[in-house]
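The structures come next, written out as structure tokens.
Below, subunit A partners subunit B and then partners subunit C, in two separate complexes.
Presenting the complex of A and B:
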């Protein structure tokens, strides 16, 4: 019997989302197939993460960045230079009311300084306190009007403020965070769209986990989201996916235990990079359109993997 | 599985307003009904111009262009007894959002509609009947097989044929309705797609009863594999039932706001 090749045809298409302004702008999304299977030039963007409160980061980052760690603008510049990343994520972790509780004004100043220091698009993360992030990301959106930054991220408890201020009043992009909950991912996109945010202005932060820490669930969530968007042509799930693996990857025992605590595991920096690259690679082949890592070596490795896959 | 396909039935020459609009080539009443149905969730629109013996070709082309130009190439079912009009409609039809559907062939005098669909790379609704409503499922499946064979002989993909088991009216033929559901299951088990004019089920029942009968019937039919129907999408209860069934069958992804369409 002759071999009959069967091809699964998709009607749907992932939205193209442009982030950044002017010459620095990049586009993510646009694919009509699962990752790397089409011929439409699917290319994952790679971002590097910095923080305004990196005190708890592994010692290797002190060696890499030195005093720049204390100055977000210098830190941002160095991170982009050392990693060759396509964009940068700045975590305004100091805003956390249960931590340093830094003021909105100070954090906005940090965001503005970082944006001015780099020539790549900027993604701005709050402190993961829904109430504070609503105020903070609203103020950031206003201060960086026309810079087309990504507000990372709106959750169920603050999507109205962040959606209305960010995407509608000040022309930014809004990320919708659903923490590995596929139904919530769809729901948040519907709610943002009902609010009046254009679907082209939404990206999805569907969540992640470090490889080996329940990643199967992340993988199946990404698969189902992509299959719904492409196969069922579900317009409420055709937004590009942006995934930050940096915090998860650098907070599991493999990337935290010192060489004194776990001598048989070898060099801590290499372990952290290993965790991060493994997790990021899995997300990239799972469908992330933009992937964010912490270590410059991780960024370079993932970039070369993507280049190799595209061929 | 792909989600249930809703073909909106409301652009039909049996309505006096639509008949008049066709005669006058007046776009407004037609565009209004199209918009209502698409907003309510219709996937395809049926364009029924009636017998249209005199100016069918011109009328069908006018209707196809009108709807597709105003609603982003909405896919259409072309519905008339005038075969030349269907062919004329397909000539100006834009396939960007889906193939045209020829409505409809049967195993009797209308078998030529299947040849027409095959010759024009269109889909076709195939009524499992020859003259009137089939007596039982032996007849339904016999006609279904005849139509399938004919379509395939002419080069059609089996999935381009939508087999209609002919829904019967509850008021008068209540005892035969389970047969129709069984036929849907049998046709589905053959790997084929189905459709049907659902409103027939509740024909003659009071207005407030019809949505209940229609939505219960469609839920039971979908359980048997029913894959599309020609319905009034403005029946909210019916459309909510279709979405709920699609969720239960895992054809679409659940979200809390999924019924806010």
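Presenting the complex of A and C:
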């Protein structure tokens, strides 16, 4: 018998979400099939991460960026140029009350400077302290009104502030962060929409882990979320997925041990890129519509893999 | 085509003789229809009917053995597309490729790497299982290389479309070698060679339709020990083919495509090792059974083997270790106590680092539900009371004269409460990542 393709029929569709404004705008999502299997051109955007406190980043980044590391705007510009990334993520890590406890005003100024320095959409992350992030991301949303940035991310403890300020008052996009669990992802999306945030303004950060460190949960969570959105047409799970693998990938021993600590392992930079590329590629085929990495080389590799997959 | 229980039932004598181990012919028929028991279990169904049915009730994807002895591995045999549905049974294998066109020095360097990348990760040895040898021009050298690979304990993959060369190579390759392989132009001759050597035959074609036709004709020649090449020219096609072939087998009951796959990332992205890593990662998730790379150094091996180990764990079996007090580096009753959780991954990572430190120490593991540090903490299973009770109930204070209790850095917040619950202990906050444990313990000792 001649071959006949076994069609996996889905009636759901992932939302299209536009991020950035004007010429810089890009859109993610919109697929009706599992990743890279349809003709509609599954879009996965690749983002490059920068931080306002990159002191603990691997030495290779000091070589790549030099003094730009100390100036977020210059850092952002260099990162986009060197990586060819579709968008940028700025981590306002200095805001951490248990760390440098930088003020909201200073951090907002950084976000504004970064936005002005680049011609790609901007995703803005706080310091992962729910209380501080609520204040910080609210202020960022206000300062960058009309720029259509992504507030990364709202969690259960601060979604009200970030959802109300971000998406509703200042027209930004909100990322809904959950901990590797389909039910939690669904619940937060529902809470945000009940608050009044349009589902087209929500993207999901469903969590991640470095390859080899519990990634099976990430893989299965993404599979289940995509199958629910497409197969069961579950509207509360049809938001595009955004995944940041940059921190996890560069904090496991495979990408941290120096050549002196693990001489047999060889070049540290190559190992970091290997870990980041592996983790990112696995998320991309799992369904991430926007993937964020740290090393320019990782960004280039993932971009060309995506180009290859789309064909 | 899927068979229904009723179709099988019609072929039984309906005597309920129970010889098959089932109470009734109907019960047997229902089970047999799912493929859970082989139809042969009923001695009263005619051979003719069995022949008809065994094809239809065979599992959707064949299980193919490659290699022999210690190197033997199993590919295929999957029944689901996604690991949350049911366990994936055969992890993918990794391969690198050599050729008789390489200089002796290049081959030696590649072999050195193969020997080096051989390490334990959480109780499992990690190494490249298969070595491909591609035939370029020099048949004597080619055969010698295949022999060398086999002697090194690797599963040889003989890559040539020349049946004569394949025949010469497979003669030195031991059982379970892979011949890569058959095309529409050489199928009959290759089947001959593979059959004679009982080797696994790789099948390649220009399109997925042509591949389907070719597999059918090879099956007609009487050979079913096959692996299918998803394509070497386009990433888009290779990916879509890998997914479509598996989907046809699992969801479409298309037995023709019920075979493991082979992906040549080295052909899809020649010379670009990072791209090969990216592709290999994608194919670990999406249905690559044998994944070939140009080379496998630690920058590729560490993440890819880690990813594979994750993806092919059994989702129905949480990986846990027994809650108890573990000893490292021969403690002598005066050494510090570290605390962690009973999640196997965490245990193995932490245990490895304590060993590396060479500092004698105890590791206390309460019942934390089998979760990672932060997961169990967030789930309320690894709080100060849990830890304090464990320390008290196990009389850890009698085990060692040291009063240092070291917490994982990620749960530093427990320090205050624990200090109150365990007043005789000094609660020390350890580093957040296990890799910092050796330095930390040595500093503590100093």
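Basically, the second predicted complex is superposed on the first by the 305 of 311 C-alpha atoms of A that agree within 3 Å, B and C clash if a C-alpha of one lies under 4 Å from a C-alpha of the other, contacts with A are read in each partner's own complex, and residues count from 1 in each chain.
The working rule: a residue touches a chain if its C-beta (ideal position, glycine included) is under 8 Å from a C-beta of that chain, and two chains touch if they have at least 3 such contacts.
Bear in mind the structure is a predicted one, so any value in this text is a computation, not a measurement.
K.L.:
Once both complexes are superposed via subunit A, do subunit B and subunit C end up clashing or fitting?
P.N.:
fit
K.L.:
Would you sort A:284 into first (subunit B), second (subunit C), both or neither based on which partner it touches?
P.N.:
After superposition on chain A, A:284 lies in contact with subunit C alone.
K.L.:
Applying the touch criterion given at the start, work out whether A:266 contacts subunit B, subunit C, both or neither, answering first, second, both or neither.
P.N.:
Second partner only, subunit C.
K.L.:
Quick check on the superposed pair: does A:5 touch subunit B, subunit C, both, or neither? Answer first, second, both or neither.
P.N.:
second
K.L.:
For A:214, decide between first (touching subunit B), second (touching subunit C), both and neither.
P.N.:
It touches subunit C, and subunit B stays clear.
K.L.:
Decide which partner touches more residues of subunit A, taking subunit B and subunit C as the two options.
P.N.:
In the superposed model, C touches more residues of subunit A.
K.L.:
What is the C-alpha-centre angle with subunit A at the apex and subunit B, subunit C at the ends, nearest 10 degrees?
P.N.:
For this superposed arrangement the angle is about 80 degrees.
K.L.:
So, does A:186 touch the first partner subunit B, the second partner subunit C, both, or neither?
P.N.:
So A:186 only meets subunit B here.
K.L.:
Does subunit B (first) or subunit C (second) touch A:258, or do both, or does neither?
P.N.:
Once the two structures are laid over each other on A, A:258 reaches no partner at all.
K.L.:
Contacts for A:224 in the overlay, against subunit B (first) and subunit C (second): which applies, first, second, both or neither?
P.N.:
After superposition on chain A, A:224 lies in contact with both partners, subunit B and subunit C.
K.L.:
Using the superposition on chain A described above, determine whether A:36 touches subunit B (first), subunit C (second), both, or neither.
P.N.:
A:36: touches subunit C, not subunit B.
K.L.:
Could you look at A:194 and tell me whether it touches subunit B, subunit C, both or neither (first, second, both, neither)?
P.N.:
In the superposed model, A:194 contacts subunit B only, not subunit C.
K.L.:
With both complexes overlaid on chain A, what's the closest CA-to-CA approach of subunit B to subunit C, in Å?
P.N.:
Superposed on chain A, the two chains' closest C-alpha atoms are separated by 9 Å.
K.L.:
Identify the overlap between the subunit B-contacting and the subunit C-contacting residues of subunit A.
P.N.:
224.
K.L.:
Quick check on the complex: what are the subunit B residues that touch subunit A?
P.N.:
2-3, 251-258, 260
K.L.:
Residue numbers of subunit C touching subunit A in their complex, please.
P.N.:
82-84, 116, 121, 208-209, 211-213, 216, 234-237, 239-240, 243-244, 247-248, 251-252, 254, 256-257, 268-269, 272, 274-275, 277-282, 284-286, 297-300, 302-307, 309-311, 313, 315, 345, 372, 375, 378, 433-435
K.L.:
Could you pull out which subunit A residues touch subunit C in their complex?
P.N.:
Of all residues in subunit A, those touching subunit C are 1-6, 8, 34, 36-37, 179, 210-216, 219-220, 223-224, 227, 251-254, 256-257, 264-267, 270-271, 273-275, 277-282, 284-286, 297-298, 301-302, 304-305, 308-311.
K.L.:
Help me check something: in the complex, which residues belonging to subunit A touch subunit B?
P.N.:
Residue positions touching the partner: 182-184, 186-187, 190-191, 194, 224, 228, 232, 234, 236-237.
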